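Okay, so chain A shows up in both of these, paired with chain B first and chain C after.
Now for the complex of A and B:
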């Protein structure tokens, strides 16, 4: 009873049985997504090697065009190297997102499992989810930063809070379906304890939509972090992020369009890559 | 405009036929006649416009970045444009800070400086038809004294200790002592209707004597005003209506101006002006009298800013030229002293008292023995301009060996901390009140107030210098300048407020708008404004 029950056939299109996630990653869509996300992640990881300037080092040479004075992408309005700020901005964004989304997912799943234990708990947890979902992401962000002030921690808290009900609802829906399946009924009749049934048997069979949701949530988190930094309630200056770089670039769109081009391109690539990955996973797991 | 050189003649021109020559000559004559006619028409229009000048009618939309706040009607706030549209003041300063009559026709200072007699206009009515009298001036002064009004010029209003009415339109103000900045009060103090004050403070009904009547205020959207047909200046104003419309994001404000939705704004920052500079249908006017000044404040009760050497090191460390160029977009004046060039307290020596010298800053820190091991908190409002200045200050201080941590706050929280005196060791902000009489800065602006300021700085020398400058009749001689210099010397020596740059006020107006002006407290006057 410990193996997962899959509705998918054992053999697909003549290929040997493969885990659907692996199969998804071999599709063209997923490969393009992986390349895009991988390139951005790699750029962030290798930031100290790829840039010769500190991201916060200022000079008197503001808004220098690309390729001038050792600044490959030019400088911002305070004379800081744009390439360096872009690469370190990717790092900051990835650190925040990579921490906040999994925490949100884990907490959401934990609450969903808790809700499955007893109908009263279910009601309490669902109403709590309703409460969080009632606030759009940015309103939630402004409310949290009104209490905690701007910074990295509030961004992580906001993304985590926003993701908890998303994963919680997703898993709860899966549990409601799975626990009526024959294998779950048989386990209950056989005397398997409720906790063991939920964690060892039902949870693994609900994982597919959660994996797809993880990729979608990473995309949403990129937007949310960007929006918070754009509004000035995100990561504190002078630390660069993609959002605050974009916000800073807005007044100069006509005179220095290269200022906004870098962060815009990176956000586009990251979102596109993650979307392609989630789409590929979704298609493969639903076969 | 670029002038193109005429094209060079071809090497082998093809000679035209006789018929073609005649046809061309005829067409040329016709064209000349037509051009002459058009020129005549154009001249006629120009003459008419030149003679008649202004055109009556039309609606003006003013783009503002902060909404009108009725509760702050008597406070100098970020949004004061509506004050002189709905209300009048007693006087109006000219460019050289010389008072000119407005609701006060004339005035006579007593020889001992302990009273002033005002002769008021007798042809002024409020929008509801009630006549303006001396009682309205008495009410205005008494109203500003109340602590709940949070008026920065309350201390000047409190120096008025008594009133003596001589008829309905003559009033003697008794003074506790000679008051150097009394005319700042007369320029600042709007004359409101005493019977509808509560409605005014709730934004429901604002009844004044100004050129425009209050129609409505929609929170978050703005204020709508219409022409006061009974205005005391004959045939004014020209405009039928004025709308102050809120565009809270700088880019939205810029778009509104470019698309013609708004025709006037004072809220466009220097950084955002680039796209408008090249536009022929806009006029950018720069007021170098200073609308505010960027500064670094220091709490003298907190380590390490309790040490004067540390504060002076901060003053030497910051590159003021860079603040002007990179944060203010070039619209400002680097200055270690708070005074704009138009102020009687301004001297070039004070302006460059502290320059960018990280070496000197490091030497001061070393000789004073101040510990710079821990990060010093550096608070600032989270608006883009303040953040940019804070980032420049942070970087420059780091070059001098002072490590700081930026602490952004939203505007409301920051303002509360500023007034309550709970700021961190260092902070960045903008201050006003240096554009008028020098004494006003030291007795009215929160950061400089000698009695209670945000830094928690008190000293007998500073108090004496401020009172000496304040408790005198306004004058412009060497003795007055010596008194202002004492205030400046104290500010520069003690460095509890470290001025960085005087910010220019920038007016962005559609080219067809003429005659809009601002007073020293950024009250907009459209008495003589029209749309050409």
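Now for the complex of A and C:
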């Protein structure tokens, strides 16, 4: 027998031992992203502490400029405190997004795994994805709302529906590539069963683009919720969201520009932060 | 640029002094790719740079043209081309050198040509880029086309006038490499750098390209710097050779001297590790123990010290300078404290294996059923030609084979001969389209679920690429445990761990390796993990698909020896697939030569190599380059 080649195989030092996601999160890009997203999320979570007024309470003084009468950001056309509406709006948004995107991602992945089992299932699932993708996001939103009526639920359903094919396609592409790789063939030759091969061997190797996609999808979801609320088919007033605050501010844009500034700024920060995060993850996992 | 120099001796055309290149690792730490490389190239000379992966040979070539990737930079030394120091030139000045005075050929002819442009366009592009520097001017389009046609003629493309308008996909791999050579030669450079020009090509084509390079060197007087890992290629085509190891030049001298009587222990070891076609079946290969150095660590002393048989305390601390070794300087230089030292002389001698493997089972139990038997195996891949016509690719076309217990069947063929597909059919990774496959006499062509499970235990596979065949997300231990889990009987974690430890020891790794992921291992170590995985279900047949093609020569020998040792110990039957006839001859009892999905010739290993019957076998034999004409007999 050959002698033991080396007691300690050459272990590469440094980042090799660290998980690439962790490495990605320590880059400057990701740190800025984390701070931005973290600040917005924190503002939403701490809404009851940070605001002195109830989001729906009317003070009787409409459209006061920022800083007057205890209203830090002023009031809206119905005399409601803009800061409270903004903070609670973030809350609503985050609740919807944090629920809808992961559900969409999980369902999408589940369908992709299903599609990987048999070519016939693959065709069925693919055509179903095509069907969903054939509708532009907003048409889908209007259609769903027409059935379910306005509210939180249709927003969640629409975002979920929109995300399923996105994740499904992404994972399916990954599986098709990984399935032909030598290690997958080796596992098959080693006797590993199909389900185990798919979930324990192939799925972890497809995870990178999915994680990046998750960050991208959160960004898209912020827009989608905003657009639905803006069109009035989303969360019902008087409950505040970023989107309906914006639509409410639109008629007063020349008169009271500060009205629209808050929601616009928050959406910008959130999207910017998530984009930076997804970009950082993408760069690190592509290495 | 200075043109005339006093004709004292012969002036160096390209002179590299103390070249050092650092790379920045992703974590910011420096990796010393090349350290203190000296190289001199004279007009019309052919010099080879030989080394294994990571030795810095390609980095040196790229650094010469200042074409290092973004994370690499030249940290020391100079590169003088006719007295102009290339390391200090600006981008614009460099452009007048690249492609005009120094031409370059890359390894992979398949990806180095733009697929959407015709060959003529691409040659035209090169000519036009440097039109300004030529007096006669390739400014006129027709003149350029004439020149392009000349170039194709020069590199031996038949009917060049017509073929100028063809696209890259209409040429074969060898022809594409010829076209790349034509592009490199288009502006009549003084120096042609060829970075592994034949590695991606089949043996018979490799031979043609080497001949072409030698001819062109004679005809045009272009100096050739050939970067390669293949000592056979060096022996065939170069006057002088530089041997590199761990980023440094360890030996430099005339090819015949260096290959004939290497003075550096690494050169000697490398030479000894190359399988020779002339060695009979069963010859044990010599492998250099250990693995190549980690370049991210600061190297004190000699880079080779850790693997050197004659290393002492001095080698571990003082880096040996590259000094003249007997005779005039510039003739033969070695970087070693003990050149030609004690350990070296014994190294190159080949140890004939204690038990002559071939003898043990020349006539194996002929009466009993063979372990594995295939008749008329066939495999097609659906493919469509233009217009949707069905045009299936027949990868395996009626193969009959028989494998007895404890025997090694070598299968040799060039790329596209269907040998990998055959391997995958044998292990049931793909089903066969036609034919019968029998294991111990029972038909397993289309096995039931239960039969397949049994079969997975009996027949296992070792893959070509040790990087792709191990799941990067799993630890070595889990990778090896996978077949144990699939087979059952190892539900207990501790028992499984124990078995994994045993398997790792069996393939020459430390049991502690189980907790590390594949990327922590070198190529050779990964291949050992792959072998351990294949051994896990205690198979009786091991199908090895090019198990050493992706490994360096010194490591290749370790893996082949491991496989033959395991075979003897465990009584395995091996199907050993490779493109290198020399390797196959040494490990195999019988050899089958495969071409276009068929076996063209089968026979006892030595018989087939010594007296081939088929012309194709003879061509393969003739094309296999030998590092030394007459092998140094012990």
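Heads up, the rule we're going with is that the second predicted complex is superposed on the first by the 271 of 287 C-alpha atoms of A that agree within 3 Å, B and C clash if a C-alpha of one lies under 4 Å from a C-alpha of the other, contacts with A are read in each partner's own complex, and residues count from 1 in each chain.
Keep this in mind: contacts are C-beta pairs under 8 Å (C-beta built on N, C-alpha and C of every residue); 3 or more make two chains touch, one makes a residue touch a chain.
Quantities reported herein were computed from a predicted structural model and do not represent experimental measurements.
Once the two structures are overlaid, the count of chain A residues touched is higher for C than for its counterpart among chain B and chain C. Residue contacts after overlaying the shared chain place A:185 against chain C, while chain B stays out of touching range. Contact with chain C, but none with chain B, is seen for A:201 once the two complexes are overlaid on the shared chain. Within the superposed three-chain model, A:193 lies in touch with chain C and out of touch with chain B [touch as defined at top]. Touching of chain A by both chain B and chain C, each in its own complex, is seen for no residue at all.
The residues of chain C lying in touch with chain A in their complex are 25-27, 29, 289-291, 294, 296, 424, 427-429, 453, 456-457, 460-461, 463-465, 468-474, 482-483, 485-487, 505-506, 508-510, 512-513, 516, 519-522, 524-525, 528, 530, 533-534, 536-537, 558, 561-562, 565, 569. Those residues of chain A that touch chain B in the complex are listed here as 56-58, 60, 62, 77-79, 146, 149-150, 232-233, 236-238, 247-248, 250-252, 254-255.
Contact residues on chain A toward chain C in their complex (touch as defined above): 1-16, 181-183, 185-193, 196, 201, 204-205, 287.
The touching residues of chain B, when paired with chain A in their complex, are 250-251, 269, 271-272, 274-275, 319, 322, 325-326, 382-384, 387-388, 390-392, 394-395, 406-410.
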